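Letters A, B, C and D mark the chains in the order given here, with residues in each chain numbered from 1 onward.
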Amino acid sequence: PEKLAAFQARIDAGEKIEPKDWMPLGYRKTLIRQIGQHAHSEIVGQLPEGNWITRAPTLERKAILLAKVQDEAGHGLYLYCAAETLGVTRDEITEMLLDGRMKYSSIFNYPTLTWADMGAVGWLVDGAAIMNQVPLQRTSFGPYSRAMIRICKEESFHQRQGYDIMMKMANGTPAQKKMAQDALNRFWYPSLMMFGPSDKESVHSEQSMAWKIKMNTNDELRQKFVDQTVPQAEYLGLTVPDENLKWNEETGHYDFSQPDWSEFFDVLKGNGPCNRERLAARNKAWDDGKWVRDGLLAHAEKKAARKVAAE
Amino acid sequence: PEKLAAFQARIDAGEKIEPKDWMPLGYRKTLIRQIGQHAHSEIVGQLPEGNWITRAPTLERKAILLAKVQDEAGHGLYLYCAAETLGVTRDEITEMLLDGRMKYSSIFNYPTLTWADMGAVGWLVDGAAIMNQVPLQRTSFGPYSRAMIRICKEESFHQRQGYDIMMKMANGTPAQKKMAQDALNRFWYPSLMMFGPSDKESVHSEQSMAWKIKMNTNDELRQKFVDQTVPQAEYLGLTVPDENLKWNEETGHYDFSQPDWSEFFDVLKGNGPCNRERLAARNKAWDDGKWVRDGLLAHAEKKAARKVAAE
Amino acid sequence: MTRDMAFFEFLCRMGDNTLVLGHRVSEWCGHAPVLEEDIALANTALDLIGQTQMWLGLAGEVEGEGRSADDLAMLRDAWDFRNVLLAEQPNGDFGQTMMRQYLFDQAHVLLLQKLAGSSDERVAGIAAKAVKEVAYHVERSRDTVIGLGDGTSESHRRMQAALDLLWPYAGEMFTDDEVSGIMAGEGIAPEPSSLRAAWDAAVQETMSEATLVIPDSDFAHAGGKTGFRHSEHLGHMLTQMQWLQRAYPGARW
Amino acid sequence: MTRDMAFFEFLCRMGDNTLVLGHRVSEWCGHAPVLEEDIALANTALDLIGQTQMWLGLAGEVEGEGRSADDLAMLRDAWDFRNVLLAEQPNGDFGQTMMRQYLFDQAHVLLLQKLAGSSDERVAGIAAKAVKEVAYHVERSRDTVIGLGDGTSESHRRMQAALDLLWPYAGEMFTDDEVSGIMAGEGIAPEPSSLRAAWDAAVQETMSEATLVIPDSDFAHAGGKTGFRHSEHLGHMLTQMQWLQRAYPGARW
């Protein structure tokens, strides 16, 4: 309890906790879960966008999309490294993803159906992700905080690229404009869900906030996202699919409809439109890749042995 | 030797040999090889056309192509049945196809690259096949002869459909006409190869002709095919890719260039453009289907056993 | 929504189901586990494509904007398709293909039996022709599901996996909405929900003969027949299906 | 054949190789055996697509009919593609992909080194930029081929199978023809056959380190770089690659 108090004092003083420092078991576990989920989200998040790489409309768009998906894999890598400093290996948490013990962001269980979805994912999904992640640059755990700083920089670049795609579509042919509107219709509510259920129903929130693992409440961030995104949609000439959406002079915020939380819990349970495909794709990659990992490892060992023998 | 003479006499008299009749071992073996190869050709022949079923340009064309490929599978079935009357099971000769002991027509080792190839395959490949097959309706082995009668009827229908596709293409847009010409360029020589090497180099021919398993020489049939096909190409407004092609008043036939026989032997050896893909596709179908065949067999046995138990 | 708009939607649902499922089945051509299956699958695909010509042909007629069945099949993008998600699911192994086929055929035959008595003569005519074909499809797919479910332990395992996988896609065939309400009101087509009990009974019987267990969940994916949210599979299918018409616009084939 | 026609053909060969191989590599996105490979493959694809923009951009310039790199990539049908057959071969397993990559990279780097001294400045400029990227590609693909060839017995078996499978597609990279003759005559590009010895030596060394045996046959498939006869795989690739441009002609993205 003394240690705990000292630990909390460090956090309150704005100090960073580093991997070799003492930390409470709950802090460590919560961080592993949170960083792991975030890493898995980057990895699974490659799939919905990867789905359009082979159909990108121009060479430049194809290159941009490839670079983006590559960045996401890179983010996964930083985050797995951050998680590893907490004493869990990449293979261990990967297996937890693959057998369903660990989650990834539910947004990636929605399909990408048109090219405009590449815009909507960048604009809305990355936009919501950034909203979640910017405060985490100030999180108490050093490696996580540093990873977030690096990631946020790239993410905001991705978001601008996504918005640029939407802009092209919204100002394009009638079919393109329809595609853009359709993408917004499909991704709006799932994006709102990315901030998690309302604070009243959210578990663990208080402790995580005290530990500066969580920096804002879900509802705060969601409101911020809506306030930021609605004018962007207007600028694009697109309609947010919410009849109740309107500016509230009194609060200085937009009033908006909550997403369908029963859908959210369905998706969490595994019943999202693509849960099965996403996990199947990652499991297949892992299983099919076993001989490669084994082969490269065996070669590295042979090489090391030969080197020792030669010395 | 007496039996042999009597057997030959029956053939010379135009009688049909039936499965239960005595026949020389060589006759049986040659027939199994020939019917088996023919059956395999129908089966493998589904693949190049099957390649375009999912890309057929209209619903009607898709239906026609499906029906055609279905007919080919049906022809395979008749022919396997005819082979079975000679004492070899379908599974046995299928395995000989799959491990390379038995061949199929080399023409199916060429790829189908545009929709016009669906026309060229029907017009040229089926055309050459019919040229080979029509005389075989009079072959000495009863089941084979009867199978050929049925098959020839359907094949000539397919050939007309193929020619109809070519006609549409040749009279279509410039791109379509170019496609048609390109298909003719690629399929002309491989079609000429379908009759086999020149008679001088062809093995077993004499005995097979005496047994009425082979009815005409390769060169006769090839000439007949050229004579029939060249005017059809002219009618389509397409150019046969042979600078030496010209009508010979004296012989009453077209003079034409021989195909590149070294290519023919390359393809026979397994080096055709698609040998590997075709055999791999059939092997995969067979291997992937094992559990299905086993499952259905097990069910049939259970059902039979239950029936016996109930009686 | 006007009657004609609903009628057009309904006809697209019919025709897109047969088009998309027919396409999937045709992917098997030359690759089936046994020759008789190759023939049977090609035959099923052929029937479904034939039915597509009729349904989408009538859809174009009802729409009245001069679109032919081919135009509707080849020139709409994914969002305009109205097939149920079940129809666009990938083939998987042969067991998955036959399970998808049976679940669909069983609903299809029940629907077509009702449609044969439609107040719209054209619908009744198409249904009367199609129901004969589909009665054969369901007989065959049912037999195969039973044979493989009650076959070896491996075939049983695979069929149970196929059923578990596809079950959440079955429910969409029986949901009612504004379109189906208008159709039912006009006597053109029954409410899908009205077919559920007969389907449940038939499927229950088949699965029990097949020694397979129907999953305990009634969760049902949606978004196909309204077009709101297809799966990613449909778009990939269209790149193939529509290639020539897209690459050579206006050409005649 | 005029010089410009040959030049255009040559540039299409360069750009179609990188386009088609880049497309194949990009198919791995999100599916590689290990995260570092996902990143490396995406990086290779990215480089190849970047090179495509330069080669096909110059091709359009040389052709002088106003076609952009995108027009050439997205609006030609299979027969107009000039990539070698090796580039369009399917990915297969990871070993097959890396073997294809190594056989290609090794020839690519030798060619680009020569092209950096091309008599055409624009060609020399593109090559100078690309050769740095490709030097890294070949280093990586070579290491992977060696690592997996000299890894476990399974990885060895798979790599030998990949080499046996792909070997007959290597020879096409070194055949001379009218186009290459004109290019060599103009000092724009070397005769492909002139690169063979260096390639053979490098490949021999790599395979021997990888404990793999080069097949004894010198049979070589042809028809890709002349466009006479591609494989069936290319057409399927184009249905995806060109889908949006075909479905929405004239739209800007």
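Note that in this section contacts are C-beta pairs under 8 Å (C-beta built on N, C-alpha and C of every residue); 3 or more make two chains touch, one makes a residue touch a chain.
Please read these numbers as outputs of a predicted model, since none were measured by experiment.
In summary, the chains found to touch both chain A and chain D are C. Two chain pairs, A-C and B-C, are weighed by contacting C-beta pairs, with B-C ahead.
Farthest from chain C, judged by the mean position of CA atoms in each chain, is D. Averaging Cα coordinates per chain places chain B and chain C 35 Å apart. With centres defined as mean CA coordinates, chain D is found 42 Å away from chain C. If you average the CA atoms of chain A and of chain B, the two centres end up 57 Å from each other. Within chain A, residues 55, 175 each touch two or more of the remaining chains. Shown for chain C are the residues in touch with two or more other chains, namely 77, 239-240, 243.
Taken chain by chain, the contacts fit none of the simple shapes, being neither an open path, a ring, a star, nor a full set of pairwise contacts. Pairwise chain contacts present here: A-C, A-D, B-C, B-D, C-D [touch as defined].
Across the complex, chain D is touched by residues 77, 236, 238-240, 242-243, 246-247, 249 of chain C. Partner chain B is touched in their complex by these residues of chain D: 77-79, 165, 168, 219, 221, 223, 228-232, 234-235, 239.
Residues 48, 51, 55, 110-114, 175, 179, 182, 185-186, 266, 271, 273-274, 276-277 of chain B are the ones touching chain D in the complex. Residue ranges of chain D in contact with chain A, taken from their complex: 19, 23, 26-27, 29-39, 42-43, 45-46, 49-50, 52-53, 56, 69-70, 73-74, 93-95, 144, 146-148, 150-152, 154-156, 158, 240-241, 243-245, 248, 250-253. Looking at the complex, you find that chain B touches chain C at residues 43, 46-47, 50, 53-63, 66-67, 69-70, 73-74, 76-77, 80, 90, 115, 165, 168-169, 172-173, 175-176, 281, 284-286, 288-300, 302.
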